[in-house]
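Shared between the two complexes below is subunit A, which pairs with subunit B and subunit C, respectively.
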Partner chain A sequence: MAVLQLEKQRGRYAALAIAAVVIVVGIPLWWKTTETYRAWLPFSEISELDSLQLQLSVDIEVVFSRGTLTPEQQTKVPLSNVREQEHVVDAKTGLRYTYETKYRTATIMEEDALNQHTAAEADLSLHMLTESSCGSVVVYVIPDSSTLLPEDVKVYVGQRRTALLRSAPIKSSWSLKEVLSNLDPHVEKVVNTMSFSHQDIIAALSDRVRMAKVTKESMADNMRAIKSSPGYEITFSLLNPDPKSHNLHWEIEGALHDYIQPLLNKLSPIANFSVDSQILYYAVLGVNPRFDNSVSAYTLSADSLSHVINPVEARLGSNAASSNPVLNFLLYVPDALHSPLFIRDHSKREVPSNAFHSPRWGGIMVYNVNEMYGSEAELPVDININMAKVMGVFLAQLRLLLGLQHTHPPPGFVLQSPGSAGLADWELDRLLWSRSVENIATASTTITSLAQLLDQIGNIVINDNIAQQVSSAVTSLQSAVAELEAGNLAFALQYSREAILASERAFFDPSLLHLLYFPDDQKFAIYIPLFLPMCVPIVLSLLKIVSETRQRQADKQAKKD
Partner chain B sequence: MAAHRCGLCFVFTLILSCFLARPCSCDTFEKISDNTEAEESVAGALREVNADDQNERQWQSTDVEMDRGDASKHSQSFTPAPAKDQFQEEMVIRPLHSGDIYASFQFRTLWDTDFLREGKKVSHYRLFPKSLGQVLSKFSVQELHISFTQGFWRTMQWGQPFIPSPPGAELWVWFHHTVTDVDGNWKELSNVLSGIFCASLNFIDSTNTGQPSASFKPLGLRNATDHRFLRYATLPREIVCTENLTPWKKLLPCGSKAGLAVLMKSEKLFHSSFHSQAVHIRPVCQDALCTNTAWELRQTLNVVFDLYTSGQGKKEWSLFKMFSRTLTEACPLASSSKVYVDITDNPEGELFELSPATPLLSQAVVLGDRRTYSVYDLTKAETFGQLRSLNLLLRWKGNSGDMLRPLLHAERYVAGFGLQTGEIHTVIYNNHPYRAFPVLLLDSVPWYLRLYIHTLEVTSKLRDNKPSYIHYQPSKDRQRPHLLEMLIQLPPHSMTEVTVQFERALLKWTEYTPDPNHGFYVGSSVVSALVPSVVAMDTNFTQQQPLFSSFFPVKEESSYFMRVYTEPLLVNLPTPDFSMPYNVICLTCTVVAVGYGSFYNLLTRTFQVDEPSPPLAKRLANFIRRIRGVPLLT
Partner chain C sequence: MDYCYLMTKCAFIYLLFSIPRAHCDYVETKAGQFFSSGHTNNWAVLVCTSRFWFNYRHVANTLSVYRSVKRLGIPDSHIVLMLADDMACNYRNLKPATVFSHKNMELNVYGDDVEVDYRGYEVTVENFLRVLTGRLPPSTPRSKRLLSDDRSNILIYLTGHGGNGFLKFQDSEEISNMELADAFEQMWQKRRYNELLFIIDTCQGASMYERFYSPNLMALASSQVGEDSLSHQPDLAIGVHLMDKYTFYLLKFLEEVHPASQANMNDLFKVCPQSQCVSTPGHRTDLFQRDPGSVLITDFFGSVRKVEITKETINLTSPIEQPIESSASGAVQINSLMYVDQLPVAEIIHQKPKQKDWHPPDGFILGFWTLILLVFFKTYGIKHLKHIF
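Our next item is the complex of A and B:
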């Protein structure tokens, strides 16, 4: 009997030992060999980015020219003050604008510059004197009596980063403080026009923030502008549906050089642009224009414009050599039988430019040539296209699509036209502000959603290169936010571009998809034939051991009693 | 599980939202300007941007200046600059002796520009398709040849095609010598072309890419010898259909709206015995002096209609019967637009009758033979006659004579039995009665057929024929194919047989195609040769040559270049049962579990001596006895 007891004890130990080996060696081994590789990600920093506190700093210089301050007021200048504005956009996003205003009196050279005949000349010579940094604003306060500006104009915004502000009549009894507080609302208006307005920034944040408070107009502006991207392809296409009657020539190379390239050169800090052109024959619009007897012309109504593009788009072709977004500009010359062709707006009036654009896609202009030849002309007629007219329209469309919003200047403001450059410095600054904010918003959303995704799906393999992209995106984002805070607009944009690139590269890396779908039922199908027969005896014998021990203890208890 | 599903949904929504980032352009149109003043000018367009009176006036004034400038331009008699690009189209119809009709379209765009010039990007396109131009300059392509073919060209029945192509897809590219990462460029280029032509060219990778040393010389200007810049790949399995034809037609300046391309209706083109479409891009000379280069894009489409069987046994054809369209106009952009009908065999009209008749005849030396063609010039109005449409009609009168056997011909097959080894036979025929000539044979065999190169035998007329040049690149498993290139002298009027044995490799189970029992394709062998010509070839460079006779450059009068593709091979590989992995898992697990179970029992169970139970017979007997109430056995 004792032998039997001993034998039973040995069996029990054996079962325990096997269970111990399975638990100590087997399970860790299985765990280790079936693990997916997941590199370390800076989750804590990413969750910090999730709640974004952006601080935008603008340097403002207010320069008083001679005659705007009384001598005693002048003695107290220079001084500076900092004005802060805080906005809470939503629970996770906050904005703070810091306006650092410096007041000083004009130097002699600046006074000379301001003594020019016209505002444009003054603007130019002021620009020669100082090189203002990207994102800053200089406001020159000129006396009420100055002849630089026409009577009813209060503010003149130049081609660079300067504005001329006509001061209100100042009572000499006022202290400087009163003068400044009188001036400040005007300066604020100027700054809102020249650098950024709250509306723009909110619109730029649309990737992060559910839009509620945004006005319909800035929403439309924002929707129209193409998304921020490291590069754009701009394609000009001449559509000639009727090569039998029209032999069209366009001097596209020269026109691009004269009209489009200056603007793109100016915009080069924002993105790389590549421009090309093509001529498409037998490309027809998707809508048959209706003949209108009253004007004896064919008309396209605004409602049907949405159907125009689709058949053309199939022929446009995408750029095979890059994956940047494409902006298409089409010049459509109607065929001889369907011309002239005019576009009518919703109120049935003819659109003077005969052009329309589609948000984030491009623009189409209809160019009628039927007046350039008589009915007896020999076909095909050689026609030279007036590129100045065409490029004017395309340039305007390009500005809209790039997000150079048309600003509504407050009454009494004059905005100097950008001239040959196509873009004033302060317009570029506006774009830089909203693009930086937009990039930061987009990149932070991408990174946080990627982190969330990786956190949720344990099957995804995270390779080292992805981890590296994520960390570089995070560091670039942090530097971009810091640069915005310091007011270095150019650097902020550059870092935000890097952040967006790195984050998108990480997000769209194909290696993330390899093991994305590895369902649990397949795992079980593979594990069960092995694990079930192995685990059942172990579990059963463990249960048996437990119940035996309990029985024995109960027996002992009974004996004691 | 729920968390997983959420995560997946999240991924999909993210991906979707990325696709939808460009809003569908349906109802979000806006007009550029709402101004009522009828001012079609820069000012009018820019007004929205600069909505200020003063500035507007400024814009206006500049605009007036511009307008004046333009007016003066218009008033001058306008003479268009000489177009630097030109477009030609032509179609050749050759009645074949078998009763089939061979129709070959060629479209050529010539552009006096250089895609590879340093520093100057070509970005303004007129006739040349932009998508291809961008590819050329991005990947620094020196020469590009791509063909998609459905069906096999039967040389013995049909003679030689103008431009040969192997079944499936073929792509060969010479890169410019400044390219450093040729393999990277090649990979990306094939992916881009795959997108342009809607084909599976993305399956081209290092396992089916070769670098032939002699067979594929550049056809254009450059005389390159360094085959490091050449890549050659075929996909014999590629199925060619409408989705490849549509992008090909889109490359034509007139699309399929005018000119010869109106005949290309896919339901007719693909209802044929043979269909091949190709794109060839190469630099050529601008003029006879060859001081400047021009880039030539040749788009060819060859189709063989089997009208004999489908036409109730009548050997009659017309354009309308073949294409269900007739010709009404030339492409207005084409500088020449011609239809050629081969009437060499019918000098006096005794064999067939061609209507409408044309006075224009043209002679051309094609593939070593002088042929006569009736020419229909579509740029001339009289071609179309009263009906304003051209419907060529050919009526056979008598039986056509026998066709001359083509001088060079090749075929190939797999011999052997079983799934372990086999033998590839390539047979090349030289039908020239008295001339011997050398041919280059190129064989690119995938790595999973392991060639035993020591068994390579070349025999002609039962005698060993030692190749004078052999270039062999052995395969590497899963990395590169075998590449075998040989220069073989073909004796006159002979049959040369090249055999090589191979072993079939066992693939990993993920490497099998979805239908592994169909077999694996091995691309065609390529036989390239300079064949002695019967008549003197035309070595002069003239623009006036018909396109079909000017594709392969002719260097000497006595011979012409020819390429012959053999049949692709279909080889069966040992194919496993694909539920095998799971069966193996289950079986091993069961074995392990059974072993483990008995081992476990041995270790944990206690054993004790038990009273032996009575044998079965005794128990049965006792059972019966109990029922009967008889005393039990002990």
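Our next item is the complex of A and C:
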């Protein structure tokens, strides 16, 4: 009897000990071993980034040359002025434009420079004097009677960041304030042309703000320009459908080096470019051109142009190693039977460049060679392609496709031609502004959506490298926004590029694939077969112990009574 | 005289005022063309999820959509084709290197230039989701990636065996409708598509698009929840069913479409009504911004590029310097070959074809010997059988 009691006691202790081990050791061990590794992420800073308040500062310098101001007005100069414009784009995005204007009079060297004969020379010598920083605008105000600009031209925008503004006649009785208030609208117009415009910035924010009210034209511009990317591939292809008649030679290496490379070098802060070229034989256009008797030539109408690209694209090929967007530029030399071939636009007029381009894809130019040889020439004819003409067209198309929109300056403005680099400094600045804003907007949406995803799904593993990329993206974003506020455009672009690289690397990391969608009933289905057989005896024995102690308590109570 | 002068002045002024308006109209129409669909490139992800010979019809389904999409202009570089098994070179295929979609072997959808990006065991749920979300390892080549941007219209076509809320991959795993919806949301977050058309041809296909919640998605399915999608015709020579009903009628519809056609999505919704398909095809357009009647078929199945005439050129005047030719002193002289000479075509064409040995047809010898044996035993009796066997 006592032995039985002892056995029961031991049994009770054993059951209690097992239950204790399971609860004290087992459950924490199971919890720890089934935990997913999640490195720490700066969630608070990321949620701050969700609401983007961008401030863009432009440094404007207005220089009065001799003859524009009276001596009394000149005494008040130099002075500076700040103008701000606020725009609320949507609930989470706000923009503030700060124009810091400094007014001063011209130095002697600048006066000498302005005394040149033509505006172009003046611009060149002004550039020799000072190097203006990235993103700034310098306006030189010249007197009304100056002969530097022709009669009807009010503003001359140079190749760098300077502009010459012919001031309206200034009365000597005006105070400086009145002079400035008369001048400001003109300066504003110049700044809107040379620096970013509100439409550009809104278009750059299209990732964040999908339904923004943009004009149809800027929407078309936005669709045409290729998205911001760390690198681009540019491919030049020569299509020769008739090698039996034409033996074509093109000096592509020299042409690329002389004409395209300067532009790409100037654009190197924005992205890396890799350029290659190829020649395709027996490549035909997908459409049959129609013979037009009035000009005795073959014509391609504007409507059939959209069907030209697809059959050719299948043969173009691309670099298998990189995932960068590709811009294709095709030079098509029509075969001898279909020469000459002209492109007609929507109103059936001739197109002087004989070329067309497709948004975000590239451009095609048709080059006629039928005039270079007579009918009695021996086939195949050796033909040297005039690369200057071809590259002129391709360069213009490349500018459009990279986002350098054609600016429509207000009347009275004259824009100097871009010159050998193919790109004026202020055009580059415009591109830098929109690219920085675009990069910042994209990087911030990427980081916030990544943080949201990682928060929502509790069992995604967050490795250390992802956490590191996210942290570096967050710091780069904060630096980029700060640099934009301070007006350092070059640094802002650099930080925004780093931010976008880091955020994309973090977002597209292969380890973040949430493959197993575990609904709760599936979790039960996995754990029950493992734990139920073990837990049932323990729970039942505990219940038995409890009921026995209660029984004993009841007995004791009964014995007492 | 004065009156004439006044008239000409008035006409001139009127002309001056109408020119800016004409320019505005031109810009409007130009921008209007851009505005109608909002996409600049097209992608297609076509997936067949079943393996084994008796699932021939799923591969034929996918290849027929591939064929239509290529015919309407999407190049191979923009198509991700995933086939879970190789029917064309299967050892049970009577006609190797062909996959037929019509009985009596009328239409070979395998073609000459098919480019399969994911084949065989590479077609898994994980790879499919990686392609969609872009989370591929850095070593993945370009042809296996979906490099779409925010102005891409994507067509996604799935076929195989499915059930209520899932699609079976390779007979061993499945993808649920929630995972698919999450994958599309991930794509939307990263702006990897402008608009997406999702077509699924499986049993209970409508369950797969029930859980979508991202914008700009349109979905079509071959059958509702609780219904089975049926296959169309068997070919007695090949021995299996060649196509599913829904995709068969879809192919028939798409063969009528050409790159300049104006057929819209409402026509696509009418493909394969219940009288033809036995199951009821379904579609979902509530997440789509535009009206389906204004969406062209070629917006998703074809690749009609927007083009603009290049109006301006840059005047380049400086002459080109010759690049400095650097050649080592012992370099081999490269003779520049004329294209026409490189291939001795004349010699190849005049070659005589190789003589093939003649064999009697396969069944003939077997049948012939069986006949001889039968005649022998009939004549001489069955007791000689034990001497043969």
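Everything below uses one rule, namely that the second predicted complex is superposed on the first by the 483 of 561 C-alpha atoms of A that agree within 3 Å, B and C clash if a C-alpha of one lies under 4 Å from a C-alpha of the other, contacts with A are read in each partner's own complex, and residues count from 1 in each chain.
Following the convention adopted for this analysis, contacts are C-beta pairs under 8 Å (C-beta built on N, C-alpha and C of every residue); 3 or more make two chains touch, one makes a residue touch a chain.
Worth saying up front: this structure is predicted, and the values here are computed from it rather than measured.
After overlaying the two complexes on the shared chain, residue contacts for A:Glu7 are found with subunit B alone; subunit C is out of touch.
In the superposed model, A:Ala525 makes contact with subunit B only, not with subunit C. Once the two complexes are overlaid on the shared chain, A:Lys227 sits against subunit B and subunit C alike. Contacts of A:Ser323 after superposition: subunit C is touched, whereas subunit B is not reached.
By the touch criterion defined above, A:Pro537 lies against subunit B but remains apart from subunit C after alignment on the C-alpha atoms of chain A.
Applying the stated contact rule after C-alpha superposition, one finds that A:Leu453 touches each of subunit B and subunit C.
Once the two complexes are laid over each other on the shared chain, residue contacts for A:Glu548 go to neither subunit B nor subunit C. In the superposition on chain A, A:Ala255 contacts subunit C only, with no contact to subunit B.
Applying the stated contact rule after C-alpha superposition, one finds that A:Asp276 touches subunit B and leaves subunit C untouched. Within subunit A, the residues touched by subunit B in the first complex and by subunit C in the second are 220, 223-224, 227, 243-244, 247, 253, 281, 302, 305-306, 309, 314, 318-322, 325, 343, 345, 351-353, 355-361, 363, 380, 388-389, 391-393, 395-397, 399-400, 406, 417, 449, 453, 507, 517. Subunit B makes touch with subunit A in their complex at residues 1, 3-4, 6-8, 10-11, 14, 21-23, 25-46, 48-52, 54-55, 58-59, 63, 66-67, 69-70, 73-74, 78, 80-81, 123-127, 129-131, 134-135, 137-139, 192, 195-196, 250, 253-255, 257-258, 329, 332-333, 582, 585-586, 589-590, 592-594, 596-597, 600-601, 603-608. Contact residues on subunit A toward subunit B in their complex (touch as defined above): 4, 7-8, 10-12, 14-15, 18, 150, 220, 223-224, 227, 235, 243-244, 247, 249, 252-253, 274-279, 281-282, 302, 305-306, 309, 314-315, 317-322, 325, 343, 345, 349-361, 363, 372, 380, 382, 384, 386, 388-389, 391-393, 395-397, 399-400, 404, 406, 408-409, 414-417, 449, 452-453, 456-457, 459, 507, 516-517, 520, 525-526, 529-530, 532-534, 537-538, 541. Within the complex formed with subunit A, the residues of subunit C that make contact are 26-32, 34-35, 38, 40-41, 73-77, 125-126, 129-130, 133-137, 141-143, 145, 147, 149-151, 176, 178-179, 182, 186, 189-191, 259-260, 303-323, 338-340. Interface residues of subunit A, counted against subunit C in their complex, comprise 206-207, 216-217, 219-220, 223-224, 227, 243-244, 247, 251, 253-255, 257-259, 281, 302, 305-310, 313-314, 318-323, 325, 343, 345-346, 351-353, 355-361, 363, 365, 380, 387-389, 391-393, 395-397, 399-400, 406, 417-418, 420, 422, 445-446, 449, 453, 507-510, 512-515, 517.
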